[in-house]
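These notes are about the structure you will find just below.
Chain naming follows the written order as A, B, C and D, and within any one chain the residues start at number 1.
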Amino acid sequence: MSFINDPITFLAEWITQFLGGFLPEAWVTFIVTLLGVIITASFGLVFVIFLIWLERKIAARFQDRLGPNRAGPFGLLQTFADIVKLITKEDVIPEKADKLTFNIAPILSVVAVLLIWAVVPFAPGWIGTDLNVGVLYIAAVGSFGILSILMAGWSSNNKYALLGAFRAVAQLISYEVPMLVTLMVPVLLARSMGMMTMVESQDLWFIFLAPISAIIFLVSSIAEVGRTPFDLIEAESEIVAGYHTEYTGMKFGLFFAAEFLHAFTIGVLFAIFFLGGWRGPGAEQFRLLGVVYLMLKGLLGYFVVMWVRSTLPRIRIDHMLAFNWKFLTPLSLALLVMTAILDKVFGDTALRFPVLLAGNGSVLLVTWLALRWTSRRHTKERRVFKKRPVAKPA
Amino acid sequence: MLDHWIFIGIFIAIAAVFPLLPIVLARFVAPRKPNPIKLDTYECGMETVGDTWVQFKVQYYIYALVFLVFDIETAFLFPWAVAFDALPLFAVLEGVLFILILAGCLLYCWGKGALEWS
Amino acid sequence: MIPLSWYLFLAAGLFSLGLYGVLARKNAIAILMGVELMLNAVNINIVAFWRYLTPGNVGGQAFAVMVFAVAAAEVAVGLALVISVYRRRKTVAADEINLMKW
Amino acid sequence: MTVEQAVFLFTSALILFSGFMMVTRRNLVHAALYLIVALFGVAVIFVLLEAGFLAVVQVLVYIGAIAILMIFAVMLTRGDISKEQEPVNADFGWALMLAALFCFGLIILIGQWPAVNSQAPALSAETDTVFELGSALVSPDAYVIPFEVASVLLLAALIGALVVARPHKKSK
């Protein structure tokens, strides 16, 4: 194992040997694990500083602006300036707030996103820890995010924050249903919940075997992050700023950092589940290349999220929930059933790819026909005008 | 097996320290001049009217209910998906039956109009 | 290593706390929370017995999953009843809901 | 004392403490939050018992769904919170006695059982419990009937809860 092929394992072995000289073995294991944790966790956090700059730059380009360009070259230091600003702001805790819950909520929201990175496979052999229930772990960690929103909204002692929290939670739990059901498709195709196995079994990227599932996953993930067009969580015109109305300074900043990090994390998860993770030419020999591939694929997913964000307007809450329950959830269930049966029958044959693709196509066709049929019926209903109340002078 | 979870345990601790650091730092750097008006609830920029505990509509509960049912479903179906290779076609169809019964849940709610927001 | 008795003692303590909550609390939702504690104590016992006595047979885990499903069903229906009662009587205090007492 | 024992003792202290806080808090949202801490502690206990799958499901189902449902229900029945009445009913003395008796009885019973100090046999590294669980759940000579019944139970619970919780349409 040379340094160029696998620098992290090389360094880890070197540190183990170095510490093993004068420390008992249990301590060495502990320190190496601790270092691993710190590297994995700070990777996400350091990356988010760069991402905030990137997001602002790209969003500006979409809107025909320049974006941050004063602090540092290309405005690269803008985020640091923002962090300094947020830290030096006064931290106001409202008198009537439930203090402990109020303070824990923003921390919990960052922790919930950061915890996902513990099971992200960066390259062959480079993974925080390869849990055998990795996929379900990701889903479970997400529930802490929901909890943090509920805690923030309730503890603020503010009608609009509570209302915003309730709406947000209704949105998040609704979109978690199609997400969980679609996550079962890659698990089914990989026959494992381990993240490493998931990537290793993608000789053919799963996006080719389950294209519609991939799209459903991306859409429901965008809703989970609460990005436009699903940003009802902070619909300024309707519920002030939503659940974090009462937060100031760094605590407000933590909610935002969590959102940015989450947006990129779903890009990475999309890459792992459907785009083959770190797989690419030469990634087996030079592991650093695997990380580069993963980040590029993750940035691709992230770019799509930003693209959607700058293109679509916010949708109304009833439309959003109807879209989830009456379109995404039935579709994902149908896809799961279709994939399970076809993969069992044709899984080991050469026909796996064409048959699954044909199955996806037919599901798409049936959905399209059903949609056409219902929308025609709806337009007919709408043609019959209802009597509107007429404004009269008092 | 337990090694993996020790990693997760340390990860939780470290992940809690990271967001805690800037907050603690802000304690030392940021000004602290509280006064009653500043500590008042912001709400929507107006003075608070009435009770914070507004009555919520039951629809929130209904969505949570449907979500709960599908959440439990995953507890049953994820192991089924993991063991997929070893299952005969018959066992796969049992899992499909399970999914169809749950789809029945969704259809029932749909038909009863329980999925409507208003 | 942890002996089996530790888990059983923990479960006994948790079950008793839940029992106290169910018997003593006034609010119907708090009573349901007590029931949740009791179900969790049962689950600890099931999984501990699986791990210590029959680790080769996965039945213990299967039944723990069943307990999850039962707990979910119980909470769903129980809370729905509480909400329904609240809508009619404007109270969720269990000892004020006495329509079926006589 | 090994690391596992330390983790176990800390977690069980946390579980029992938050369970105690849960049954004594006046504010129901606080009670629900303490319930969540206790449920998370139970997930840690599952990890110690090497049932990682159950631990994850515990977090997903209990914290992600059941606790949220509880908090929603508390908000929907807010009348009691603003009134801030006594958290316990008139018979709470009896309840306390009964619970304490029950606890001591159980502890004495467990103490007398001979198998109680047995140690956990090592799980073989080859077995993947999730895989076995999945096979057993749909295998005809294992748990396929409970598996299907569980889905019917969930369907029945959902229908029942919907019928009960939804407001009846106003008769015109």
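Note that a contact is a pair of C-beta atoms (placed from the backbone, for glycine too) under 8 Å apart; a residue touches a chain by one contact, two chains touch by 3 or more.
Values in this document were obtained by computation on a predicted structure and should not be read as measured data.
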More C-beta pairs touching across which pair, B-D or A-B?
A-B
Between chain B and chain D, centroid-to-centroid distance (C-alpha), Å:
17
Per the C-alpha means, the centres of chain A and chain B lie apart by a whole-Å value of 14
For chain C paired with chain D, centre-to-centre distance based on mean C-alpha positions, whole Å
6
So the centre of each chain is just the mean of its C-alpha atoms; given that, what is the distance between chain A and chain C in Å?
33
Among all residues of chain A, which ones touch two or more of the remaining chains?
131-133, 136-137, 139, 162, 166, 169, 173, 176, 193
Residues of chain D that contact two or more other chains, please.
4, 48, 50, 52-53, 57, 60-61, 64-66, 68-69, 72-73, 75-76, 123, 128, 130, 132-133, 137, 150, 154, 157-158, 161-162, 165, 167
Note the residues in chain C that touch 2 or more other chains, in rising order.
65, 68-69, 72, 75-76, 79-80, 83
Chain-chain contacts as defined at top:
A-B, A-D, B-C, B-D, C-D
For a test of understanding, state which residues of chain D touch chain C in their complex under the given definition.
2, 4-5, 8, 12, 15-16, 19-20, 22-23, 28, 31-32, 35, 38-39, 42, 45-46, 48-51, 53-54, 57-58, 61-62, 65-66, 69-70, 73-74, 76-77, 79-80, 85-92, 94-96, 98-100, 102-103, 106-107, 110-111, 115-121, 123, 129, 132-133, 136-137, 142-143, 146, 150, 153-154, 156-158, 160-162, 164-165, 167
Note which residues of chain B are touching chain A in the complex, please.
1, 3-8, 10-12, 14-16, 18-20, 22-23, 25-27, 29-34, 36, 38-45, 48, 52, 54, 56, 59-60, 63-64, 66-67, 70-71, 74, 77-78, 81-82, 84-85, 87, 89, 92-93, 95-96, 99-100, 102-103, 106, 109-110, 115-118
Under the touch definition given earlier, write down the residues of chain A that touch chain D in their complex.
101, 131-133, 136-137, 139-144, 146-147, 150-151, 154, 162, 166, 169, 173, 176, 193
Mind pulling up the chain C residues that touch chain D in the complex?
1-10, 12-21, 23-27, 29-30, 32-34, 36-37, 40, 43-44, 47-48, 50-53, 55, 58-59, 61-62, 64-66, 68-77, 79-84, 86-87, 90-95
So in the complex, the part of chain B that touches chain D is made up of which residues?
1-2, 4-6, 9, 51, 53, 55-56, 58, 60-62, 64-69, 71-76, 78-84, 86-87, 90-92, 94-95, 97-98, 101-102, 104-105, 108-109, 112, 114
